[in-house]
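Both complexes below contain subunit A, partnered by subunit B and then by subunit C.
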Partner chain A sequence: MPRGLSIYAEGTSALHRAHPFTKGAITLVSVALAFIVPSLPWVLGLAAILLALLAWARVLARFVPIAVGILLPITLLLLIVQGFANPANRTVLIALGPFSLYVEGMRVGLLAAARIFDLVSATFLFSFTTRPADFAESLMQHGLSPRFGYIIQSALQIIPQSLEQADRIREAQQARGLETTGPLLRRARAYIPLLLPLVLSSLVATQERAMALEVRGFGLPVHRYSRIVLPDSGAQRLLRWALAALVPIAIAARFLGWR
Partner chain B sequence: MTPALLMEGVRFRYPETTPYVLDGIDLTVARGEWLGVVGPTNAGKSTLCYAAMGLATEFFNGALTGRITVLGTDIRKEKVIERSRRVGMLFQNPFTQISGARERVDEEVAFGPENHGLAPELVAERVKESLERVGLSGVAERHPLDLSGGQLQRLALASLLAMHPQMLLLDEPTSQLDPVGTRDLFGVLNHLHQGGVTIVMVEQKLDAVAELCDRVVAMAAGRVIGIGQPEAVFNDIAVQDSAGAPSYTRLARTVGVKPPWPVTFDAAVRALHA
Partner chain C sequence: MGWLNAFKLRLNTLGIVLIPVCIAIDWVGHAIATSLKLPLFLDSIGTILGGILAGPWVGGLAGFITNLISSGTVDPIAAPYSIVSLLLGFAAGIAAYLGWARSPRGWIYLWILCFLVASIGSTPFNIALYSGQSGLPLGDAIYAGLVKAHWPTWIAAYIDEAAGDLPDKLVTAAVALLIYNGLPRRYRALFRLYTPAEDTTEADRQPARA
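== the complex of A and B ==
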């Protein structure tokens, strides 16, 4: 049985111990800045900071396969498309027969790829160092309804269970002769007999889970004590405000001519 | 003392269906009693549990007539969520009873008491005590989904015990468990029963029902067709034909032992020696 979608990596680094809001601020501000700052050196500088943070949290090794598997193909695709076909292309970098790779397009592709790198690395930095339960608890401690907190936490565990149930149904139908390989149309048709049992079993499971939650008092209108102590500090709060201030400052700088 | 569960003239049908799933049930369960509920498919056994918990009306919005009181309170005057403070219900499927929101076994057990607003120190105490009672203390830090089906069902039971219920409604709690998981769960239930917890248990493992339960109610087509001590109920031919009988009873009947047929292992040994 799969445990869930959480990719949290156990650790004791300062980032692991930091309040989820602090890590959330680092992530959100990094993503925002990646798309606000005007030029490649700034975006690459941000990427370097994020890589340093991943290394500091001792999760860089987990990030490398993601970078290679997801970000490298995206980068190559952006460089090829922009390098060959950007409307602003003027300066030939490499001529390949009838086609030419242009400097301007390569720069645009590289900038877009670097921004995506920042976005992905910031998101993974948060996911690797923050337990979903801690994140949900931090939101509930600041007024989020326990029902929403439950949705955040349970989705990460229940979705993989549903996917596994879908696999079991598919295998059962295959054992009864259902053809799920071959041309696209045949595969599409094969999924129709899978849908009904999947939907029905999901409805039954959802109903049973809802009843089980009800008999465990979920939603009782009582004062609920905080389950997890999430240490926070003045320094962390100051850091969050400082990070948040960077966004309007960067936007204002862009309006004032930052190029 | 008021009974743990009282049903008087209870009829129930699910929305947009005509037949009554419960059709004139009269039943009294004393406090501290362990009642087994047996019967064929569609006898209304699970619905009996849903009705007693209040889920039949509150969750399924079915039509209920007659009177049900649980631990002295009419079910119409108390919501399921309030009743969860005193009554626990265990379902068939251990996987759907896990909240899905907790990453450790002990955190999963704490889910219910936390919902009831108990202070963290008290929650921790109850978690420890409940895990010890079901024999899962050694896996407290593991992920719930790392447990076997039997362990998961014991975890679901521990999650209910942590809320200190006075009565447990069990809907085929061993239907998805292997023999070892089944034996372990019955062991825990037996211990709880000795501690004074009232248990109403729907179960198809009739040998266990005959061994463990104080009384048995046999149902068919929404009606009670037999009620009393296991020996009496399982010796009723109508019950045997409809709900089945423990293996010892069937064996004794097959080899020509004269009635009353034994329903437990010890009674079977005595009967075969005689």
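== the complex of A and C ==
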């Protein structure tokens, strides 16, 4: 089980230093474009740009093993199922009798896999280079309620704590004779004794936490000032608007017959 | 630049504090299922429990943020499905408002509602992302068989997704209801942000309890 939840790591690249909104715009626009552009070469071109950005941020070495782990099973499943069953299938690629794989379906599967690759690499580009606290802070500086900032930050802290507590509960229950291996039914029966103690103790703790927050003025309807300054620049602002404009342009181009 | 303020909600501090706890329950529920090698996700127990305990916004936000955190850390493909998790939390909140969390017949309704929301909500995303597949070997085998037998792809896509959701949401809803009904009455009343429709009559019948 993972100990720390965030996959952000300190870095010195321009992407690490960029405003969270700039990176967010790159990610969202890339994902949108991946699903708007019409054909495989465009999707692969976008993938090349994203890989270049990952290399520029010096996180490519961390990206590759994680991405392969996520993408390889999905890609295989898409190629096999679409190659086997896509309604457009006409041309046999690999002849296996009733289980033949066809060119048309493989193409459909490959395009879907390439789009998912774009989605995965754009998302990791953001989460490798952006500290979650900075992202929450940037949203709050632009008007998000501080309560939502609290929810996100606190969830990122509570999840690893809860995972550790789940480990302790598992050891305690195993010491009392709970079996967590063997046939499916026996493993399924272990689920409730592992989860329930954790849920009950965390629900009980909420009341105390709520009171602790309220005595510190959590619910007060006052304006809050932040000491954190997230550097932004005119160039970045311009880049964000330019990126955002690409999406309606691409959609319009598709309607005007971009194939 | 105060446009995000439009989403300001009526939530008390306790409701706000409950949301990260529900997110953690989602997360740990899935982690335990994975470590026991169960063939189910069980990653929305906190979402449904939050909805039942404290209403649609707590459940919906817990589900939505669970998927966002998941997509920012371990599984980028979870991001589009955050809408489905939001709807699932809403559904659980509405179900509890109708008093479904308290009667065996309501439990069945809750399960069916959660199953319908999850399966109908996920299918369009599966069609857009995976050409209709769900990404699970069992469901995709069904999908391949149905499409090969000339079923329309969108029906095959729905059955593919539903095959995974039917057992998953049964166990998820059952665990959430088990926890909810096992909680002391005091805690159920504590988190509640509204009065469920049937609760007034229940209080009339049993004035001496608690």
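Keep this in mind: the second predicted complex is superposed on the first by the 238 of 259 C-alpha atoms of A that agree within 3 Å, B and C clash if a C-alpha of one lies under 4 Å from a C-alpha of the other, contacts with A are read in each partner's own complex, and residues count from 1 in each chain.
Quick note on the criterion: a contact is a pair of C-beta atoms (placed from the backbone, for glycine too) under 8 Å apart; a residue touches a chain by one contact, two chains touch by 3 or more.
If you're wondering where the values come from, they're calculated on a predicted model, not measured in any experiment.
Undergrad: Hey, is it subunit B or subunit C that touches more of subunit A?
TA: The partner making contact with more of subunit A's residues is C.
Undergrad: Between subunit B and subunit C, whom does A:Phe218 touch in the aligned arrangement: first, second, both, or neither?
TA: Both partners, subunit B and subunit C.
Undergrad: According to the stated criteria, A:Arg227 is in contact with first (subunit B), second (subunit C), both, or neither; which is it?
TA: first
Undergrad: A:Ile74 in the overlay: touching subunit B, subunit C, both, or neither? Say first, second, both or neither.
TA: second
Undergrad: Just to be sure I read the superposition right, which of the two partners does A:Tyr150 touch: subunit B = first, subunit C = second, or both, or neither?
TA: both
Undergrad: Is A:Arg131 contacted by the first partner subunit B, the second partner subunit C, both or neither?
TA: First partner only, subunit B.
Undergrad: Using the superposition on chain A described above, determine whether A:Gly109 touches subunit B (first), subunit C (second), both, or neither.
TA: second
Undergrad: Answer with first, second, both or neither: which of subunit B and subunit C does A:Leu239 touch in the superposed model?
TA: So A:Leu239 meets neither subunit B nor subunit C here.
Undergrad: For A:Ile158 in the superposed arrangement: first (subunit B), second (subunit C), both or neither?
TA: In the superposition, A:Ile158 contacts both subunit B and subunit C.
Undergrad: Going by the contact rule set out at the top, does A:Leu119 touch subunit B (first), subunit C (second), both, or neither?
TA: A:Leu119 contacts subunit C only, not subunit B.
Undergrad: By the touch definition above, which subunit A residues appear in both interfaces, subunit B in one complex and subunit C in the other?
TA: After superposing on chain A, subunit A residues 1-2, 6, 132, 150, 154, 157-158, 161, 205, 209-210, 213-214, 218-219 contact both subunit B and subunit C.
Undergrad: So in the complex, which bits of subunit A are touching subunit C?
TA: 1-2, 5-7, 35, 70, 74, 77-78, 81-82, 84-87, 108-109, 112, 115-116, 119-120, 123-124, 126-127, 132, 139, 142-145, 147-148, 150-152, 154-159, 161-163, 166, 170, 180, 184, 187-188, 190-192, 194-196, 198-200, 202-207, 209-210, 213-214, 218-219
Undergrad: Using the touch definition up top, name the residues of subunit C that touch subunit A in the complex.
TA: 1-5, 7-8, 11-14, 16-21, 23-25, 27-29, 31-33, 35-39, 42, 45, 49, 61, 65-66, 69, 71-77, 79, 128-131, 133, 135, 137, 140, 143-145, 147-148, 150, 153, 175, 178-179, 182-183, 187, 190-191
Undergrad: Residue numbers of subunit A touching subunit B in their complex, please.
TA: 1-4, 6, 131-133, 136, 149-150, 153-154, 157-158, 161, 205, 208-220, 222-227
Undergrad: Give the list of subunit B residues in touch with subunit A in this complex.
TA: Contact set of subunit B toward subunit A: 53, 55, 59, 80-85, 87-89, 91, 93, 95-97, 99-103, 107, 110-112, 114-120, 123, 143, 145-146, 156, 159-160, 163.
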